Every structure is written in C-alpha cells, then in structure tokens.
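Paired with chain B in one complex and with chain C in the other, chain A is shared by the two complexes that follow.
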Partner chain A sequence: MTLKALFAATATAAVMFSLPAGAAQLTVGFSQIGSESGWRAAETSVSKQEAAKRQVNLKIADAQQKQENQIKAIRSFIAQGVDAIFLAPVVASGWEAVLKEAKEAKIPVVLLDRDIDPSGKDLYLTAVTSDSVHEGEVAGEWLAKTVGDKSCSIVELQGTVGASVATNRKKGFDDVVAKHPNLKVVRSQTGDFTRAKGKEVMESFIKAEGGGKSICAVYAHNDDMMVGAIQAMKEAGLKPGKDILTVSIDAVPDIFKAMAAGEANATVELTPNMAGPALDAIIASKDKGTVPPKWIQTESKLYTAADDPQKIYDSKKGLGY
Partner chain B sequence: MKGLPPVVITAIVLVAGFAICATQYPNIASTRVVGNLLTDNAFLGIVATGMTFVIISGGIDLSVGSVIGFTTVFVAIAIERLGIPPWLAFVAILVICAAFGAAMGGIIHLFDLPPFIVTLAGMFLARGASFLLSTESIPINAPIYSTVSDFALRLPGGGRLTAIAIIMLIVIAAGALLLHLTRFGANVYALGGSRATTALMGIPVGSMTVRIYMLSSALSGLAGIVFSFYTAAGYSLSAVGVELDTIAAVVIGGTLLTGGQGTVIGTFLGILIQGLIQTYITFDGTLSSWWTKIVTGVLLFAFIALQQAIIVLARRSVLRRAGATS
Partner chain C sequence: MMARLPRHGLAQILALVMILAVDRMVSPQFFDLRMQDGRLFGSVIDVLNRGAPVVLLSLGMVLVIATRGIDLSVGAVMAIAGAIAASLADSHSLPLVLAAALGTGLICGLWNGFLVAVLGIQPIIATLILMVAGRGIAQLITEGRIVTFTSPDLGWFGAGAILGFPAPVVIAAGMLGLTVAVVRGSALGLLIEATGGNARASELAGVGTRLMILAVYAWCGLCAALAGIISAADIMGADANNAGLWLELDAILAVVIGGTSLFGGRFSLLLAVVGALIIQAMNTGILLSGYPPELNLLVKAVVVLAVLLLQSPRLAGLAGLAARLRGARLRLKGAKA
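Showing the complex of A and B:
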C-alpha cells in the first residue's frame, strides 16, 4: 500500500515538475577536475560568480581527480538535458565516446583550461585555455624592458620536470631572452611548483652565485616557488624586489602581498576566469547562432607594484586560492 | 534462502531512494538515466561480483582496483604500441590476472596469512607494475573500440543499453548461478562459515581458496577490459580506490563481512545505490561530490549495524531452541 502511494506521489510530482520551466534560463553542467590546487578552487568559485552574473544556472560536478567520475557527470548532464557542458579534462585521451553522446544529444561542449587529443577536435565547440608559452613571453618581456641595456644574470626556478606547463613557460621566456644579448639565464633548476622546494633551490643558487651578489633577477614558473625564493633571499640578507628583480606566473594572492611589501616585482596572471568567455560563447551561439573560434585564448595579464597589489590581494583572497 | 532479509532491505533502500530522487528531479526516472547507471557502473558490477565470492568465503581482495589499472595499461600498450590483435591481448591479460589471483590465493593458503595483507601486497604490486609500463594515459584507437562503444540497444525514451552494460549483466547472472546453484558456490558459503569444519567435511580448502582469488582477479581483469572500453584509454591511475567502493557495495548488498552469507544480486543493488547517489549529486549540481562518500559511509554503518543485529537475534533464537530441548 505504502509503496503504491509512493509511486503515485512520484508520478504526480513527475507531471508537475516536467512542465516547461521559466522562459529561457540556460542550464550549464560543469565537470570540474577537483580542487587539487588553490588555482582550481578559485576557478570553481569564479565560474559560479560568472554564471550568476549572466543568470545561468551552473551545475558543478567535482570529479575528485578521476576520469571515470567526469564521464559519469557528463552522461548525467546529458540525461538532465542541460543546454551546454563545460569540461576541464583531467587527462587528454578517452573522451570520444561520451562526447559523441553529447553531440548526438545536440549539447555543445566547451573545454576549459586544458585541451584534449586532436582526434576529438570535432566533438567540442571551443576550448578556452591560456597559452603558457605566451605567459613565459610576457614575463620575459617585462624583465627585458625593466632591465633595459644593463647586463643581467637570471636564475630560473622551473616547474615539475616534464609537465607541459613548465616546458611551455620555459620556452616562452627563453625565446625572449634569446633576443636580448644582455640577458642570460645562468642557472635553472626545478622547484617542483612548490614553496618549500622553491626556497631550497633558491638557497643553493645564492650559495653558488657568491652570496647572490651576481644575481640580477629571478624567474619562477609559478608564484608559489617565488614566495619560497623570496624567503630564501631575505634569510640571506638580500633585498628581493630591490637588489634582485622577481617575475613569476599565476597571480595568486600571496604574491600580491609580497608585492605590496615591496618584495616582489611582477607576476603574469593565469586567469581563473575560464568560464566567463565560455559562457559568452555559448550565449552568443544560442542567441545568434554565432560559431566561436575553435580556441579562445585567455588574457595573460601582467601585474606589477603599480597595480595596487593590496587591493588585488583583498579581492583575490576570498576565492579559495 | 541465505542472506535474503538484508537483500530485501537493500532493494527497499534502492527503490525508495530512486523514488525520492525522481520526485525531486523527474528526469531521473528515465531510461536514459537507468541506462547510464548500468553503463557507468559496468566495471564496478563486474569486480563486485568477484568480490562477493571472496567476502562470502571469509576473505577480502584489496588488489582489484590496481588489477583494473594494470589491465587498462597492459591492453593499451599491447594493442597500440606492440600491434597485438585486441582479442589476443584480452586473452593474455585474463590469463595473467587469473595467474596473479591464483598466486595470491596460494600464498594465503600455504603460509596461512591473512588475505588482507597478501592482497594489500598484490595491490601495491599491480599498481607499481602499471606505472612501470607507462605513467601517461595511452589512447586506444583500435577499430573494435569504436565498434563496441558505438554499439547500444536503444531503449524507448532515449536510453541506451551499451555493450559494456550487457557484459556486466551477463557476469552478474552467471555469478549468481555459480554461487547459488553449483557445488563450488556451496563450498564458498561453507568456507566462510568455518574453515576448520569445511576441511573436516572433506572439501579441499586449498584449491577452493586458490580458485576463489583466481575468479576475483580474472573478473578484475575483465572489469579492466570493460574500463578500457569505457574510456578508450589505458591509464595507470585509473580505478584508484575502487576496491573500497566495491567492498562497500558488497556490504550494502547484504553480504556479511565475516563471511558465510550474501548474494550476488544484493551486490548488484548495492552498486546501483552508490550510482544513484552520484547521479543525484550531479543532478543537484551544488552539493559537493564528496557527499557520495559520506552517504555511502552512513549506509555502510547502517548495514553493518543491521548485520550485527541479525547475528545477535539468530544467536538468541539458537540459544532459546537449545534451552527448550535440554
């Protein structure tokens, strides 16, 4: 009896809820990798803000670093009949079957932050990613401009060996250095993208370079390593930001704190706002049928002490970095 | 009719849960979601069938997730890098997995070691071996992969019963037959009831142990093949932690962790419950996906408490009967 009543209730509710919902509010499903880094947590919170700004109903599924969870989430977004799917793929391969299903269901897919294997090119609408070679170039150009004609020995803190981001950020920076004979990378080692390792490697650089007197600038592939390096320089009695120039990438809140204290000079932002451009592309394609370019490059913005670092720190610290 | 009451409770939890989800999100009550549930949990259903045998026999197998990971990498490398025909790669990996399971079963029996430790070693071994083969995700482009992933029986209402879902349903049906209708199955229950008694009954405990772990590892290998169909790639980090999801599903399905009681169909329902929770969370879209783990944990507690209650009640009735006859 109770079961029957339950089923009856289910059926009634099903009829009630399946009535067409209010006008044309878009629903977007976002399969996020996880919250493994501060940047990713910030990306999630910024995505929510951007969706709210455009009155889009954003459903986020955290995959806890597992591809199978992402595939499940995409399938269930398809079953829900969402208007679009955002995917930040945890690995590059293995998406074809599920993206084909999305395509069959006529649901556009937008890749955020990372790309997938070229064989899946026609299965997504567009990819919103930053160009990490370009990030390295922006960092290099800032340094070249700041140093001018003086000769400058640079030490470099690399990211994790083999990580494509590290390779690309190195390449972009090296390309700029090659064009300026007065710049020279004298030492380059991996700091594994971590604060502790960044500090350790910087300490050994300082020892190797005669107490750090001959170092003119530090380039780190991310801000975390730079924060560690700043610590090492201070402990060695050097003045980072004055004696030694610093430039790094990511624009996490802590580097702005260092900048406000005059201990860091510049950072290149890897924007956590990938969802904003993606939402605009989806809205444009729904409203006007505009086909977006296959790749939407996010801006790699340079921040220096001139940009009121304290204010940026305050605005960024609540994002979950 | 061993273990029937817990299974009924599991079934009620599943139906009630499904009804609650469907009242909130009517789209859940569609063939598409049901088809997804079967497809997305196909590999879990297959390993969990093997795990049911192991747990009923009083053991545990922690190596299953790693064996799945190893299988995906092995298959990807064999097909993509070495050019071995897929069917041969499948046969080879199933043989390797079966041998691996047999070895674990043999060690457990010969040295009288706790299965927990032996299969834990197996877990590290298999995961380590898959990292040795490759640390990157290797895409598999063999034509059979697209054929299989494109194959699906269309259900009315847009749902799809995919090839891998069908494989899982066959494994579960075969597992249920093997467990409930054969001498092998009866021996598995006996082993979980009491090893000593089983030996006294003249059942070859050693060969049973070897065969049970062989079955579990071979099914993990099959699950690994299914997983490679699911993602069309081999990745050494795939299926991390799946052993725990599997054990949870088996227990929620009404199998006694101490052995001697349980059903394959219950395990299947346990898998569906976990899948349903995950589906609900994606449909909601604002809850943290870690709620899957929390709800699974709560259910697990509830079912273990329930099992204890059943054991206590059973003991009391045995005592009462004993009291009445004396």
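Showing the complex of A and C:
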C-alpha cells in the first residue's frame, strides 16, 4: 500500500513539475484508474507505446481506484495546460464539475474504456470503449459458423452476477443463439470471472451432463474462467478444443498458450489499445478540426488457432496482463 | 426428541444427510463414482475436494474461536502463501517452496497472536489489519498478475491422488487427524477451552493463556497457508485478487454451524469439519441444480438459516412446548367427553 502511495505521489509530482513540451509536440494527461487487473496494466503499457509511436508526450496519473485522485489529477492537468485529457473513469457519476473546468479551459477530454452518466455527454469530446454486447455476438457467431447445422448443447460460465459486462456479454451471445435453432444453452452459472470458480463450475457441469459427453461447447464471459474450465475438462478425461469447443472473451496471454496447445478454440479480444484511437481523434481535431463521433467503438477481434497463437502469446505476455 | 438433538452433534449430521439427499434429488447421478486417471471422479468427491480448503481453515478457526477470538485474515494468508508457492515453484525444490509458504503462514499467525495475546488488541481488529494488508502483500508478490507455474511437484497438491482420493482431501483428513490427536489427545484442548471460558481465572489457575492464544493463531495461520498452497496448486497459478476471497466468512460459518460458540470455551473439531462439508455440499448442489445464478446466495442463506434453526435449543424448546400444549388440549377434550 505504501509503495503504491509513494508511486502515486511521485506520479503527481512528476505531473506537476514537468517542463512544458515543445510547441509541435502534443502533451496529453491520462488519468488511469489504477492497477485493478492485468488488463488495466496492459492498457497502461499499450497507451505508453501508442503515445511514443505518435511522438505524443503522455503523462499518466495512477488514481488507485479513487475518484477523488482522478479529479485531483484532472485539475493538475488543467493547471499545466495540457493539450488533451484522457480519463478512464472509475465510476459513472460525479464528473460534471471537473469536466466543466476542463471545458472552460478549452481542453478536450476523451473517455477511455468506460462511459459516464448521460448528463455529462456534452462535457467530453468522445468516448473510446468496447461494445460488450457485440463481444458476445462475435463469440456466438463464431460458434454458430463452426458447428454449422449440427445441434449443439452449450454450457455458459457467466461473469459476476450483476456486473454490466457479464449481462451484456450474455445478451450478445443469447441473441445469436436465438437465431440458430440448433444451438441451445443447456446450463449457465456464474464463475465470478475467476479461474478457481470457473474450474469448480465446469466440474459440476461435466457431472450434470453425463460426464460431459453431451456438451458440445463452452462459452465463458472471460478467458480466466475458461482457463479453469479447460483444467476441469482435462481432469475429467475430456479433450477441450476437440471433444468440447471453447470460446471466451478478453484475449489474455494464457488463453493463447492453451490455443497453441490445441486446448482452446477461440477468443474475442477486448483490446487494451484504447489510447491509440483516442490519440488519433485528438490529433485529427487539432490538425484539421475534425469532430470525432461521440462514441468510437474499438474492434472486437476474433482470434482462433489459425492466428499463430504462440506468436500472439509472446507479444502479449510482456504487457503486464 | 428435538430437544435432545443439538447436544451430540446429531443436528449437524442430520443437516448434512438432508443436504446430500437434496443434492441426490436435483442430480440423480450425485453418488456415482468412477476412476479417472487414477483418481475417484464424482460429485461426492467434488464436495470433499472443493471443501478441503474451508475444512483446513475451519480447523484453525475453531481453535481460535474456542479462545474467544476470531481470525479474519485467513483468506488473505491463503493468498500470500499461494503467491509465494507459485512464484517459487518453477525455480526451487518442493521442500523449499513448502517451507517458504508454510513459514510465511506461521509468521502471519504469530503476528496475529502477538497483537491479540501480547498487545491485547481485540481479535476482530487485530486480524482485520492482516486481512486488508495481506491481500496487498500478495498482490505485491504477484505484481497484480496471475502467476502461473508448471512444476508437477507443487501441482500434485491440487491434482494428485492417494489411493484414489484427491490430494487435497487426504491432506485435509490428515490435518484433522493430527489436530484431534494433539488437541484432544492431551490436556491442550482443555487448556484452550479454559482460556476461552475465562482467561483471567485460567491465568490465576496457572494456565499459560498468552501462550495458548499465540499457539492457536499460529496454528490457524499454518492451516490457512496449507489451504493457500492447495488453492494455488488447483489452478496451477496464484490469483492474488481472488484466492481465498471471503473464505474467512465460510470458515467462521462452518465453525458456527458445527455448534462452537463465538463466546469461546467449548469447541468441536469434527463438527466444524461437518459444518464445512455442509457448506460445500450446498454449493455443489446449487451448481448441479441448474437454477439461475441469481438465486445462489438466496438458497445459501435459507439453508444456513434452516441448519442454525435446527440447532437452536430455544426453538427445540418451543417445539416441545407446542407438543405438550397439544397433548394437554387433547387430554382436556378427552376429560370433557
């Protein structure tokens, strides 16, 4: 905890005392939520790479999951007169006051990964987020295409009950399943987005479905649960990826390892590259005055064993997932 | 008859049998067993295997609670031990990995014991410190990632088997045997109960209450570390954010279902283990039932309430009173006629 606090303090200090950049170079302040998950760490390191690629001076402030720290960071960015502010909001509400200050200072704000309440809609330039309903659809469509006309009993590992990501990923998948009468979700339980619970739930699915022989595919709302489920299938003497198809979401490095070993079939990427499109939008609006759309949807890319999973694993494992 | 049930642990065993019967109803193949890669395979084995970490936690927790204490940090200690074991597994030999993880658990337990026994801090606050800080320590060790390992030696603690039984089940059973032998085979259990019953009086009577308290927290830390090793071995990785999360509450619940009073002074190791199995039999049953996950917590709450009501002496007294009243009314009617 103290280390984190120290880090945050130095980050804030660095933000406050750094010298103004050259006129040509853009300076962007990024208020990051904190290190809540591996994906978040990957987002931070990818943001740095993307900024370096475009010669943008990116200042990152770690908020340690606290809104008050984010508001402080935004105020200090305004005081420094940065060219743009990126914000990954930790919560949806309570941003009106500070975003108005940014607007008055004529500093455009771009939301990354998460949206805020609709009341703040005219206070930011654009939001770069993924569409989690669409992620579920991409997963469902891959499965529908892969099984063709064969009838297929699917078991589903849901995310945490009540989490909007879980609700949306379920809805997107269910929408596709509803269009294909040969697909049927026979069991659906929550695995709380964790490996251990994913494994435990999959063990019970296998027992409840006659040793797993009637299961044709597993759909997991995230890759971590799928990694656990793959272990459960192997321990039950089944061959994941062959006897039972797998499709999950996130594209974390370990699922590519499983894919390279032939134990997983497909994953839909929640890209950690939210800063890239955001930087492009800022640069375009500064140079040409282009007004970006209010919502920039990131690509939900599907990866399968055909995409050289070993290579992707090697490129992703260094990102901090 | 109901009035006599709670005293001898029959209520707990009855509850376990009832839950297993319900499990059999929702899932007809519940008691089916077969061998799979030299390991027994079936839902009953799942109950034992998945229940093993909470069984281990409850073995430590029951002794702590017997001294009128509580240990909220066991889930965090699991995460620390798992993180250490997973980080060292691929580069060091198994004895060293185990020594490091178990040693850390022991140190965590001694820290809790020191705060409670020597500094006299209330147990709930003393262990809350490590509950919060411990997860942070585990996250520092894993750097916030899921640290995976490939060492089959450590993996055995999750996927191995002895005589067909999964390794976690054998380890938990062994620890139960060891704890019962040490605590009940000597006067230690009595001294622990004395400490919880009345620490001042016991101190005056010559019981080393401080040492007792220090010892039970240390044992609790050790059991938690073992549970952490099993959990990490199970998924071949350490997930510092989620390993052991909220399991301290399951362990406390297991102890309470097992009839041990939170006010200390008496305890039952065996019934705490039955309590842990009740919780797991219920969890596995819910997973097998196919009910929507929104109902999980509700079902759990209702079952726990029912099990506790089954043990309540006051409720049993009320039931007895109602039966007597009915009997009296019948006699009255008979007299009138």
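Points worth noting:
Criterion: the second predicted complex is superposed on the first by the 299 of 321 C-alpha atoms of A that agree within 3 Å, B and C clash if a C-alpha of one lies under 4 Å from a C-alpha of the other, contacts with A are read in each partner's own complex, and residues count from 1 in each chain.
Just so it is clear, a contact is a pair of C-beta atoms (placed from the backbone, for glycine too) under 8 Å apart; a residue touches a chain by one contact, two chains touch by 3 or more.
Keep in mind it's a predicted model, so treat the numbers as computed, not measured.
By the touch criterion defined above, A:43 reaches neither chain B nor chain C. Shared-chain residue A:93: touches chain B; no touch with chain C. Once the two complexes are laid over each other on the shared chain, residue contacts for A:72 go to chain B alone; chain C is not touched.
Judged by the touch definition given at the top, the superposed model places A:224 against chain C, while chain B stays out of reach. Looking at the shared chain after the overlay, A:195 reaches chain C, while chain B stays out of its contact range. Once chain A of one complex is fitted onto chain A of the other, the partner contacts of A:29 are limited to chain B, with no touch recorded for chain C.
Of the two partner chains, chain B is the only one that A:63 touches; chain C does not reach it. By the touch criterion defined above, A:80 reaches chain B but does not reach chain C.
Overlap of the chain B and chain C interfaces on chain A comprises residues 3.
Every residue of chain A that touches chain C in the complex is listed here, in rising order: 1, 3, 35, 37-38, 41, 158, 161, 187-190, 192, 194-197, 199-201, 203-205, 207-208, 210, 224, 227-228, 231, 235-237, 254, 320-321.
Across the complex, chain A is touched by residues 27, 29, 36-37, 39, 41-43, 46, 50, 133, 136, 140, 143-146, 148, 159, 231, 234-237, 239, 241-243, 284, 287-288, 290, 292-294, 296 of chain C. For chain B in complex with chain A, the residues that touch the partner chain are 15-16, 19, 22-23, 25-30, 32-33, 36, 39-40, 137-139, 141, 146, 149-150, 160, 227, 230-233, 235, 238-240, 278-279, 281-286, 288-290.
The touching residues of chain A, when paired with chain B in their complex, are 3, 6-7, 9-10, 13-14, 17-18, 29, 57-64, 66-69, 71-73, 75-81, 91-94, 96-97, 100-101, 117, 119.
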